[in-house]
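First up is the structure itself, then whatever we jot down about it.
By written order: A, B, C and D. Residues from 1 in each chain.
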Amino acid sequence: SEQERAFQDKIDNDIKIEPRDWMPDDYRATLIRQMGQHAHSEVVGQLPEGNWITRAPTLERKAILLAKVQDEAGHGLYLYSSAETLGETRDELVRLLHEGRMKYSSIFNYPTLNWADIGAVGWLVDGAAIVNQVALQRTSYGPYSRAMIRICKEESFHARQGYHAIMQMAFGSPEQKKMAQDALNRLWFPAMMMFGPHDSDSTHSEQSMAWKIKVKSNDELRQQFVDQTIPQIEYLGLDLPDPAIKWNEERGHYDFGDPDWDEFMDVIRGNGPCNVDRLSARKKAWDDGEWVRDGLLAHARKKASAKVAAE
Amino acid sequence: MTATITKEDALLQFLLRMGDNTLILGHRVSEWCGHSPILEEDIALANTALDLIGQTQMWLGLAGEVQGEGKSADDLAFLRDAWDFRNVLLTEVPNGDFGRTMMRQFLFDAWHSIILGRLIKSSDARVAEIAAKASKEAAYHLERSGDTVVGLGDGTEESHARMQDALDYLWPYVGEMFACDAADSEMAAAGIAPDPSGLRDEFDALVGRVLTDATLTIPSSKWAHSGGRDGRMHTEHLGHLLTQMQWLQRAYPGCKW
Amino acid sequence: MTATITKEDALLQFLLRMGDNTLILGHRVSEWCGHSPILEEDIALANTALDLIGQTQMWLGLAGEVQGEGKSADDLAFLRDAWDFRNVLLTEVPNGDFGRTMMRQFLFDAWHSIILGRLIKSSDARVAEIAAKASKEAAYHLERSGDTVVGLGDGTEESHARMQDALDYLWPYVGEMFACDAADSEMAAAGIAPDPSGLRDEFDALVGRVLTDATLTIPSSKWAHSGGRDGRMHTEHLGHLLTQMQWLQRAYPGCKW
Amino acid sequence: SEQERAFQDKIDNDIKIEPRDWMPDDYRATLIRQMGQHAHSEVVGQLPEGNWITRAPTLERKAILLAKVQDEAGHGLYLYSSAETLGETRDELVRLLHEGRMKYSSIFNYPTLNWADIGAVGWLVDGAAIVNQVALQRTSYGPYSRAMIRICKEESFHARQGYHAIMQMAFGSPEQKKMAQDALNRLWFPAMMMFGPHDSDSTHSEQSMAWKIKVKSNDELRQQFVDQTIPQIEYLGLDLPDPAIKWNEERGHYDFGDPDWDEFMDVIRGNGPCNVDRLSARKKAWDDGEWVRDGLLAHARKKASAKVAAE
């Protein structure tokens, strides 16, 4: 149709789509799904890091971790608001999450088991997220693009802090170094999976690329992450977590091994180490908080009607 | 008992009390991370905890200096056992539901903002400096926790009942904040900190106003728990809190983090 | 992966697995002390925990001997960090409600009584001796937990629903008890312990019988958690449990108690 | 009346009263109150010790503590059964406890704050209880007397174990010794209060003595406890917890200071360090367990009626 052609023209000319612009239903649905998932990930992502807040080893580390988790909740809020510009409410998105009908990033279905994991999450998980999000700064939907620009700044800060935290561990006592290695070994492949399946197996990719909802392919982004991370591992003096990692002079990139895609599919389907516990923690928070939300709403209404009566 | 305590010792006690209050309450608040009723509260609670931990760094840092044994704020936070903590018991009671957490926060914030207001004029410049920074944060915390107490107290029937329960449970922990012992007298005499008992009227007026708006009733019993700020008898809860808080420092002593 | 593990190492792994299972489950069960639904259950749960801790002393005591580094059962229990524990994940999941606790107990008891029955005939006399003592206790535990699962599964609508929830939650943790790795193969070859995978049929028959009586349905998913018995990836719960369990030994190292 | 005279004759001749014997209403009521309180004390007494089970420092200590708490629950069961011989059900007694209409021993309203408290509870609290209970072995009501005989055996064992535990601490590292001293200082006066107010202030005493529900007076028992405990404190090398303690050659007993009776009355009235938490822990256990009790009862009924149908 005419509308569709005009829409695609804008996209091809890198003109952002704004909330009031006409857009195809599928574009809208795809964006809601992607932004919703992203928002859910920020919210659920509080849990694995929150798991160590009460055990942070110094006041400084506790403060850094609190600030980080606070930022993540803030990102969640920001992304839900951006999704709301497409006509989907936060409550509805949360309901879909709790009913298991929307996902969050699978990485958060892995546990944080030692203190070095907190560094590793910042370094590897936020690092991988940033690779994704930097690309998404150029995404075609205006509010999403602007959210990404803002979020990326904070995420880079987190990634740097995470790297410093794991550096302390890697350069610390033998036991601390062992923790750092253990964290790297456990989180490496899950971080690799954050970029999604191979391009050849990625279902939504083609249309998303045409709409510039996606800007780079999964495999491109994964390679970029590997290339930037291997030198950091080497700097830390840690063993490489994958025996297949090797510099490929010809490609000008690192070669690396495939994560276990069966495990990836398992986790996606709900069968990950923490899926059940994560979702039930979120549902419990929501259910336990119902009286609070109801109470505050009732009070706001009383105040509003008192104000009307007084006028 | 009259003062057989040196000014140095009294100052150390005072600083530990300030720093342990913010440390333990900050820890409790941080337990909510990711589990609060609504995303905005996750953010607000993390922010409150963050402020409190930041204040802890300042108070315990100064306490370590005054003590003169070369201990850092971290040493004091992570390597003392329960009996050496000087926080009021109010800060260590478990979170309970969100209502109890916010009521505890409000009662603490009210006291905290009042005492910090006085401490800005402390004769000890280091104390005055910390208070100047902390009092801004405390004022903000008080505004928030007060609003929440009013909103939930004067909300639904259920939220009202829960807030009244919270107040009934926590009220006996209020009195300890206004206790005065030899260390306090010494601090008051030196113009470093106010006599806590002198803050009670202002507290009662402030809290009374907010709780009236919240349609809540202050329990009539005058009895008050004690034993936290002098370390004589903490609650059983503190020991459990410390097992978590101090785990890494205890299990891997002498490391840099 | 085939065995590149010595018999000594395999035996150590086997003993740690047995001892860590009883240690961690015993700890979990002991958390109920004074909080169970009825006084008889307080007694029964304390008794179960006591048996499990007693078995831990034997298994970890022998593990320390086999390891040959002069470590006592207490050293192994209180001075290893999470990654060195070899218990199956089932034993470390939180208690949840009483139904989940009893379902976890039943699933463990069923496996435990079966494997201990085989271990009585172990080629290693020390293992056989521990198993002989422990298997009597396990048989008694199984009878009790099985009865409770049936009673609550086939009780009221609510108790049935709660028990089905418990089974649904716990079932994915069952598979790990029957995993077989290099250490297990080595133990089986030496006649010291059975190949765990060979116990599954008996387990399924036993558990199936009881759960049928309990009017409960075994979930159809075949997926199973893993990572506990090889220490590769415990749950987040274990670390929290250890902060409590190991507190005193970590905070006051080298003391006699 | 004739009955009353015959009843008092039996008592005066040390013949035990048995459940089917006639007895004055007040005798029955007093016994139910006393045995009920005693049973509640055993049950609530699980909490302060249970507080350290998960933190016991060795497997051996953990096992000992578990066995002890198990015994206490057993005593509770046994005492409830004895009270039931007087026509009061356990459920009713528990209801009265939860409604705050029956008491338990105030000692359990004090917290256990360091590991030495666990030793001190066995040594001082069980020690004081035994002094009471040994006297009660001669109480006039048969089932109560027999319960006391049985319970005393186990309690003596606990007291010995407690003393050994605190001995380890008192003879251990400086920090362990400090814990032992701290425990003694905190628990001494509360243990003294276990014998109740001075004879001159004790309300129910006279009639109870005549009925041989009570066999020795509060002050007699307290003196006995002090006399047996002071040499133990000295053996442990701990400082005396009360500056007024002094051997009185003339009396052949130790003199000692009064506990703070205002605090005693406060704790009795519900204003002790742990009153609210203890009672709410017990109520929560009861409320959370309702579905369990209901479920098991429903199953038992199904089975019974299936059996009837099959006959």
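Just so we're on the same page, contacts are C-beta pairs under 8 Å (C-beta built on N, C-alpha and C of every residue); 3 or more make two chains touch, one makes a residue touch a chain.
Remember, it's a predicted structure, so these values are computed and weren't measured experimentally.
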Consider the two chain pairs A-C and A-B; indicate the one with the greater count of contacting C-beta pairs.
A-B
Nearest whole angstrom, what separates the Cα centre of chain A from the Cα centre of chain D?
57
Chain A and chain C: spacing of chain centres that average the CA atoms, whole Å:
36
Inter-centroid spacing, chain C versus chain B (mean Cα positions, whole Å):
42
Listing for chain D: what residues touch at least two other chains?
55
Which chain B residues reach two or more other chains?
81, 243-244, 247
Chain contact topology under the given definition, line, ring, star, complete or other?
other
Where on chain A is chain C touching in the complex?
48, 51, 55, 111-114, 182, 186, 266, 271, 273-274, 276-277
Which of the residues in chain D end up touching chain C in this complex?
43, 46-47, 49-50, 53-63, 66-67, 69-70, 73-74, 76-77, 80, 90, 115, 165, 168-169, 172-173, 175-176, 281, 284-286, 288-300, 302
Contact set on chain B toward chain D in their complex:
81-83, 169, 172, 221, 223, 225, 227, 232-236, 239, 243
Quick one: in the complex, what on chain B touches chain C?
81, 240, 242-244, 246-247, 250-251
Provide the residue numbers of chain C that touch chain D in the complex, in ascending order.
23, 27, 30-31, 33-43, 46-47, 49-50, 53-54, 56-57, 60, 73-74, 77-78, 97-99, 148, 150-152, 154-156, 158-160, 162, 244-245, 247-249, 252, 254-257
